[in-house]
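Consider the two complexes below, in which chain A is the common component and chain B and chain C are the respective partners.
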Partner chain A sequence: MNAMEVKKKPLKNYLGIWGWVWAGRYNVERYLYTLQRVTGLGIILYGILHLTINGFRISGEGLWEDTMSLFENPVFAVGEYLVIAAFIIHALNGLRLILQQLGYTLGAPKPPIYPYSHALQRRRPIVLAMGALGAILLLLVLIDFVV
Partner chain B sequence: MAEKEKSLTMGKLTFRVQRYEPTRDEKTYLQEFVIPFTKGMTVLDGLNYIKEKLDNTLAFRVSCRMGICGSCGMLINNFPCLACHITVEELGKDVIEIKSLPNYGIIKDLVPDLTPLFEKHKSIRPYIVRSDSEEMEEPTAEYTQSPQALEEYLQFSFCVKCGLCLAACPTSATDVLFLGPQSLAQAYRYCADSRDEGMRERTAIVDSGHGVWLCHLAGACSEACPKGVDPALAIQLLKRTVLAQTLRLQKKKEASPIAPPPVEEKPKLPVPEFTAKPS
Partner chain C sequence: MRQSYFRLLQLITGVAVFFLIAVHITALRLDDFAGGLGVHIEEPTSWGSVMDRATSAGWASFYIILLAVAIYHALYGLRGVLMELPWPPVIARSLNYIMIGIGIVVFGYGSFIALNAYYS
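What follows is the complex of A and B.
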């Protein structure tokens, strides 16, 4: 083996997008990170569709009514529910993120004494409370949709 | 659990180890080794057994074998760990998969290329920065610090630069240039130090496109950190400090002064009887 060969560049080993989805046995916050992105992208997509379709009104009443009749399909009702669900999750988790990303609710640094704990772990009740509130809201919206 | 323990004490473990020989291989592959289980053994003990008895070409980094040097970071059963810090019993499985740390290049087998970690660490000026550069270069005495001021950053100073946090971080997984939890936590560690005056310089580095705002609080770094450093907490506190500085909400803090010379000299203690006297 000569020196040139040893200098071969290290093999790339970045997890990429896969690292957002699944990279190991992590706790809930890491998966909320992904959910926040997915729901955010979903809301943007909905926003674009919403504006485009509302734009049809300019082209006259006929086109608008035709398009609206398309949305009577139950598939769109499910889609609409998903958009509201995405909004609820994104808003509640976003609120937690704004507070925690500015250092609030996380507490002060603690000397690392074994067994170690970290701030997010100590504050997990916040995530659980947020999850419970989200679940109640999702259920209420679901009842509203079905009834 | 009882079943797991039983199977572990049956005596055999399967180590599935990632292999990559840069002069020969284009990509990595897993190689299986069957090794004996001994009570209390760490994953590193298993790797040492393989290296000594089964295949001496296996490459991995190790030094202190007691969780202090930060050399032996690996992805063990899909979680970044120090191989010397984690026992086989803790894993509770008799098939153990060991790979090189993700989000770093692979030099050989289980040896990640940690150069980016060290470069990023160096970039945030990880030392006390003072405006009196003369005193900084040629110190005449130490700077004072109260125990309360020490607690502001003490937790973050336990970092051993093992790099596990970058392997756990989902932002580091997609952004190669992201400074990453290790160096951002260290930026806060120095900014929060009452002896330091380098906040402005560090803000210019961390308040950038690949800096502190790319952290979206997945918290994976703090979960993976083997030293209880809690980089996620340090990064959020750094965000608060940077924002307060940008919006000019922060009072200018006075860096702690140089310790005054001792007022009176303490009397020298007598040399104890049993000590060899200077001739």
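What follows is the complex of A and C.
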């Protein structure tokens, strides 16, 4: 059987939800897009729980104090840290996207001289800066939680 | 054009939510940060502390504004995600109204909690 006879399975042109996660050679900005969605959906889920538990105030002090005593479990502290981490990631990446969308990170136009650089490469420093700032904030929050 | 105003509002509410939630988290959960900024809230989740804040006009307004801004930002973002899913046409056409309905219900419930505590 020669190479011409080998039939390749055609790629699907509709990836569905899986396409949010992986569809080939995604770059770091595309994964940040996925992370923005995951953290956003996670924060919405937490917001629903937060609002529900706040509603327990209506039933009075007893139910409120009983509920709060449940949250003294360290598992909830880990969950709380993850929510704050999701907020930091979502906020900093969102700030990057706002700056990008409003054109502040585009930079001055350059003549197309070899070796060419594409727009994402020119904006990469802001990705790295936001990543570094995010890592510092995550570490500071972790210290506040642990100490 | 109207869509671009809604999109711009999404960016504005994003920045607003960032500052409001940063204040909320710092004041109530990150004691060391808050202490460094001169804010000391003793046992922020205890009934007494919660009701002290709930009956303060400043904190009650803060929470209602945060609720409104966060609901817009969250539901506009969620709508963008949901619009990519292959819904039956009737749901796809109604998605904006479903989001508006959810927003009104959640804002009504959340502000009821805040106002109920404020006037208690």
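As a working rule, the second predicted complex is superposed on the first by the 125 of 147 C-alpha atoms of A that agree within 3 Å, B and C clash if a C-alpha of one lies under 4 Å from a C-alpha of the other, contacts with A are read in each partner's own complex, and residues count from 1 in each chain.
Assume a contact is a pair of C-beta atoms (placed from the backbone, for glycine too) under 8 Å apart; a residue touches a chain by one contact, two chains touch by 3 or more.
Worth saying up front: this structure is predicted, and the values here are computed from it rather than measured.
Comparing chain C and chain B on the residues of chain A they touch gives the larger count to B. In the superposed model, A:P109 lies in contact with chain B only, and not with chain C. In the overlay built on the shared chain, the residue A:Q101 is in contact with chain B and with chain C. By the touch criterion defined above, A:K8 lies against chain B but remains apart from chain C after alignment on the C-alpha atoms of chain A. Touch criterion met: A:I17 reaches chain B and chain C at once. Judged by the touch definition given at the top, the superposed model places A:E80 against chain C, while chain B stays out of reach. In the superposed pair of complexes, A:H118 makes contact with chain B only, with no contact to chain C.
In the superposition on chain A, the residues of chain A touched by chain B in one structure and by chain C in the other are 16-17, 20, 101-102.
Residue ranges on chain A touching chain C, taken from their complex, read 16-17, 20, 37, 40-41, 43-44, 47, 51, 54-55, 57-58, 61, 64-65, 68, 71, 80, 84, 87, 91, 94-95, 98, 101-102, 140-141, 143-144, 147. In the complex of the two chains, the chain A residues touching chain B come out as 1, 5-6, 8-20, 23-27, 29-30, 32-34, 36, 97, 100-103, 106-114, 116-121. Chain C makes touch with chain A in their complex at residues 11, 14-15, 18, 21-22, 25, 29-33, 45-47, 50-51, 54, 70, 74, 77-78, 81, 84-86, 106, 109-110, 113, 116-117.
Listed in rising order, the residues of chain B touching chain A in the complex are 20, 22-23, 27-28, 75, 78-80, 100-107, 112-113, 151-156, 158, 168, 170, 172-174, 176, 215-220, 222-223, 225, 227-230, 232-234, 236-237, 239-240, 243.
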